[in-house]
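Next come two complexes, and both contain chain A; in the first it sits with chain B, in the second with chain C.
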Partner chain A sequence: MSQSYLHQGSGQKLQRKLLGDWYQNLQEAPQRGEKVAYLFISGNIGELLQACGFHLVYPEVNALQCGIKKVAGPNILSAEDLGYSGDVCGYVKNDIGLLTGGNQMPQGTVLPPPDLLVCNYAGCATYLRWFEALAEFYQAEMVVVDVPYLRGTDGPTAEEKAYVERQLRELVTVCERITGQEFDPEAYRQAVARSAQTEDLWVDILQSAKRKPSPIDAYFEAVFFMAPIYVMRGTEACLDYYRAVKEEIDERVQRGIGPLAREEVRILMEGPPAWPHFRRFWEMFKKWGAVSVASTYSKVGGVWDLGFRHDPDRPFESMAEYMLGCYTNRNWGMRSDMLKSYAEEYEADALVIHSVKSCRSFSVGQADLREQFIREYDIPTLFIESDLADPRYFAEAQMKNRIDAFFEALKHRRVTAQV
Partner chain B sequence: MNRLQEILQSVREETESLDFPGPRKWKQANPDGRCVGFFPVYCPVEILDAAGVLPVALFGGGEQIEVELADARVQSFICSISRSTLELGLTDRLDFMDGMLFGSLCDVARNLSGVWARNFPDTYCDYLHFPQNLASDQAMDFYVHDLKRLAGDMAQLSGKSWSDEDLALSLDRYESLRARLRKLQQIRCQEPWRLSLEEFYCLLRAAGRRKVEAYIPVLDEVISILEKRDCRPVDGIRVVLEGSFCEQPSLELIRSLDQAHCFVVESDLARGMCWFQEPIQRSDDPWLDLARAYFKHAEASVVRHRDPQERSQRLLQRVQDSGAEGVIFCTAKFCEPAFYDFVLHKRVLEQADVPYIAVEFEEKMSNFESIRTQAETFSESILFFGEEAMA
Partner chain C sequence: MYAAGIDVGSTQTKCIVLDENRNICGRGLRMTGADVMKASRQVFEQACELAGIETHEVGYTIGTGYGRFRVATGDDQITEISCHAKGAVHLFPKTRTILDIGGQDTKAIRTNERGEVVDFCMNDKCAAGTGRFLAAAAEVMGMDVSEIGPASLQSTQKLKITNVCTVFVESEILNQLGRGKKREDILAGVHRSIAGRSASLLRRVGLDEELTFTGGVAKNPGMLDAVRTRTKLQVNASEDSQFMGALGAALFALERELAGANRQEVQS
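Now for the complex of A and B:
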């Protein structure tokens, strides 16, 4: 990196330190007599649990880390030895395999066992099955925050909001019993206020992709940049992180640089990435100058770009609204509308759907999305399949052929359109 | 053909037919009537019935259907039932239906509700969120509100005004139906040779396609004839069949188990047809009665979270209560909920020293020899080791 750049790479460097400290702190929590809660990313309630005195473990984040570090395969095989089918979610199997192997993460730290399993059931039925298994294997207490699936297009109803909010307040009582600490409402309110500030910055970063060329790849880069807002949202460190990333992106805008030397095609990405082959997966798009300008997976932990913000004046109510509105809790029509608006606002040339076997919450309905985008919106759409965790499902040659053929055809379409 | 054979033939045809003769016939006789289908597992059919709507239980297309159109909409790693149900719709076999309901089951069923709404925009379609936090103070209120919302939709669809009394009467009717189904289950459990698994299963399935008040006398007749049926005891082992609560094994597979002398005396086949463990307790508020029954007396099922250990313990209890000697996990390919439960269940069975085997099926499966062999080997191993243990 040229010395003239002040901020490039700072997001990556800072994140390495932040997450390193996070895992180190987690490992030491039991020695300090501090309690640990496990929870999920979609519709997560980290601010609330931290205000109750918990350290947080996100099994999905551990699974993707194992995927990237190439240890998901052996973990998955360990879980299959226990009886798990080859046809269930690779994230779950990775987590179970990790647990039976001693819970040592690829970077060396050891995950503490849960004192409480908080199943924030937002848009993924597998979440329930996953934590039921952990409750059995760890013999830990499990609480479900039941988040009704959104119907229609008007967003959550008053009854749905009241139901979720009530459960959050009930959860506080459980937390106080387990930690022996009184819930700190002011700490919670302040955390929620920091979350709202962080969300403003994150939205600015993501929406910078509306520029041409885009200064950011809103999929392949965003899925890295999004980690702190999902894992440690509400903390000062998280807020500082997004200030730094914002500076990095602003600098790119000022210097006219982007993730690729030349932006040839602007694509929308739907579906999670192939974590075990992340770099090779990205390379397949890079060679065609394809830059992701918007993606759905980068919203899996929160859809803030459509306007929602946590609200410190209504910390419980807004948390309930946040959980209800997360991407996987949205119905097919809402997801489709979201992608359609991205196509328009970000001036995308094509839609790429990466359908993963592990996550039916994402994948069922994607074929209809393809049909709709091609037939009704005349937006070229590529449909590819692999997995987010299980390296066995990544057929590199086949995928490369499909991607090459798609971009070749897209290029041809442009040329013939000019004639 | 005697009367029993006649009834059994008609329910078998009803189970296998892709043309839904029962509901179509009902609709012809009731031109203003409305039919609403529901995807497994559970549906509060009493709400539909009270509004004059005929609830139609859908269980996919089985081995009869050739899936062509839906293959382009459903990935290869998704269960057959979602694909074949969509195929039924796309090929107009469900054109008699005025609506479709999906409920909390799995991510596939949930997303399928959206796919359905897109592909059949002129037909009513809804998703029912069944509470998964039964410990919450607010859950009951939320559920009752959702039931009333559904009732409003059904009333609008049928154009029939109705009252709490209508719902109370419907609860009575379905209670009577479930009592008959429990009686059949009891007959099967006590003397499995008196009623084959295939016969029992088809009688169960037909309950989801006929008007409840018309089907109750038929079941009464069956029960009465069965008590006098001339049959001889047959040797075999008694097993619980688990894992077929949503997608259903074919009749050929079901027959294979009886042929292998594995007598299924308890099962979760078509679980939604007999969802409650015991009769619904009644008060002067039928809404609360139905909701309370869901919370307190629904059969332990992977589609309804309550206590992580509840389901495995309940399976063990069902094994003990039915005098079963083993468990056959009979799971549809790609059925995630059943696969997750299998791991937890087998731990409990192993601790209790209950033998089990696991088989997988798909709707379009055509060769059942390996499953029959597995079942025979399982049966023989229990008989052999059982005798050895007694020696």
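Now for the complex of A and C:
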């Protein structure tokens, strides 16, 4: 950050507080006799489950928190001790290690067990096995919402939407049975309305990166800013949060402040971050004045910038659309088109692909993406590999060399460009 | 107009001086030793002397290699992978893949027609399949490293060496000798086994058009042959293979210098 300003860090601080309160509230839920549902981030149906009276636990969010707090490594090792193989997704192994070790998060919260496991199966086959393991362990009920992978180019078909919507309605009856509470359609509608408002704000924030310099790093900062819209979307607190972040970003714009003192290179980021080494990972880019102007990971929980909004007039149908349109549920043609359009709209100089070993949903196809960007679009593309959870897959020297070689070529091209 | 590149490696420090037509007009080489600054200054002076110029006539210098930040006269630093790619494409313009086998590590680099790095990959963790491995094999055979390549080319019988581990290869070789296998056949197996390991590294960055082989091991004709057979590509190796990094650095330096001169002309 180049200079200090009024709202500096307020987005980050508030995010930490919101998540802290969230975890606290979770821990106390069983004492209050309230029910807990576990679900996944991609295409999550938080609004619906909350309107059914559930508290929500997102094992993926727990895993990334453990990653940042540097306890994912030990958790993964204890899962491997139980027999989980080296090839299993690090998020899953973190979760298994976490629960067999007493389910205590690094900041102290003890996670409540699930009364219901909702596998909102959007784009990741691992989800299914993960929750099957949890269902067995907790002897909890599991419901799978089958979300068909998008194969065509025109987005979900009417049949696909109807198929998912029907499953959501069936799910409501299961929820009512478990909570012993009647589903509140009005609360659901209101939550969905708040979601739509929140999504407008979030899109504004992300699109502020079209400016030069960009006021925000749309990857290294956005991955923190995105947490509330993923875990508590539809709540009043979440809406307030994005109002506050918007204020912070607006102030940066007014003052011409960016995430770095100088924006030298504008990059697009594809793939999840290296959570266990987040700071060091970011430093490798900062060093070159590289600012991310758009990223796909900040869209894993929802692709709103391409126009989709939750709709209070069609709360079930729009929820189905939302689930189908998740980033990892899109085929590779759609994903590469999305990046191509980002390159143009955000005037990016280069694409950076961070391929993570754990996650096939993300990584399969990335090598082809690189070829396409280099050969067809002539956009300089950097391909690096590590992991989003397992600290063992971070070859720092190798990665640093690779990043330096890439940016020095960009720099050399600029310096020697004929005047 | 002259520009220089200085490559400070862990064992040797090298310098190349180029004239404005990209001709190599001076080379410098010495052991790096403990004083990196001194080594870099000396190779630079040596190269200038060979070029028949004063050191101040060199307008731009780029340092590369592990000690690049301590090059006494450096204007900027660039990683060795970028420099190897730049040097290789300059000498062999159709190069798209580079294999660099040094004493402790093996690197595979993919480059584009501009000599920019597209991908890069390195052996991790241990010295399996590097120059160190060849040295260990030579030692067991009681030969000099420079002899094993030519000897391997005399092989008449195919023999498989399965180990690429520097520690275990010793017992495997002794074992084969004990079974009465010929030295040259065993050595050919050793070279093939390194070529195989290098090929898997190369495949990770992608094999394309011509391959240029750099680093100390590129001088070994047995390795050249094994890599050629394994990759089925045109494999280039230059007399200057150990100067490749310094050459690339000098090319970067010259381009910077030329761009700077152009800019001044436009401004004045």
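Just so we're on the same page, the second predicted complex is superposed on the first by the 412 of 419 C-alpha atoms of A that agree within 3 Å, B and C clash if a C-alpha of one lies under 4 Å from a C-alpha of the other, contacts with A are read in each partner's own complex, and residues count from 1 in each chain.
The working rule: a contact is a pair of C-beta atoms (placed from the backbone, for glycine too) under 8 Å apart; a residue touches a chain by one contact, two chains touch by 3 or more.
Fair warning: this is a prediction, and the values are worked out from it, not measured in the lab.
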(request) For A:Ala187, decide between first (touching chain B), second (touching chain C), both and neither. (result) neither
(request) Using the superposition on chain A described above, determine whether A:Ala405 touches chain B (first), chain C (second), both, or neither. (result) second
(message) Just to be sure I read the superposition right, which of the two partners does A:Leu77 touch: chain B = first, chain C = second, or both, or neither?
(response) neither
(request) For A:Val415, select first, second, both or neither according to whether it touches chain B, chain C, the two together, or no partner. (result) second
(request) Specify the partner with more touching residues on chain A, choosing between chain B and chain C. (result) B
(message) Contact-wise, after the overlay, does A:Tyr163 reach chain B, chain C, both or neither (first, second, both, neither)?
(response) first
(message) Quick one: is A:Ala395 in contact with chain B, with chain C, with both, or with neither? Answer first, second, both or neither.
(response) second
(request) Over in the complex, which chain B residues touch chain A? Could you list them? (result) 72-75, 77-78, 82, 104-108, 110-115, 117-119, 126-127, 129, 131-133, 135-139, 141-142, 145-146, 302, 305, 308-309, 333-334, 336-337, 339-344, 346-347
(message) List the residues on chain A that touch chain B in their complex, please.
(response) 82-85, 87-89, 92, 121, 124-126, 128-133, 135-136, 142-146, 148-149, 151, 159-160, 162-163, 166-167, 170, 331-333, 335-336, 355, 357, 359-361, 363-368, 371-372, 385
(request) Please name which positions on chain A make contact with chain C in the complex. (result) 374, 380, 383, 395, 398, 401-402, 404-406, 408-409, 412-413, 415-419
(request) Quick one: which bits of chain C touch chain A in the complex? Just the residue numbers, please. (result) 78-79, 81-82, 85, 112, 116-122, 124, 252, 255-256, 258-259, 262-263, 266
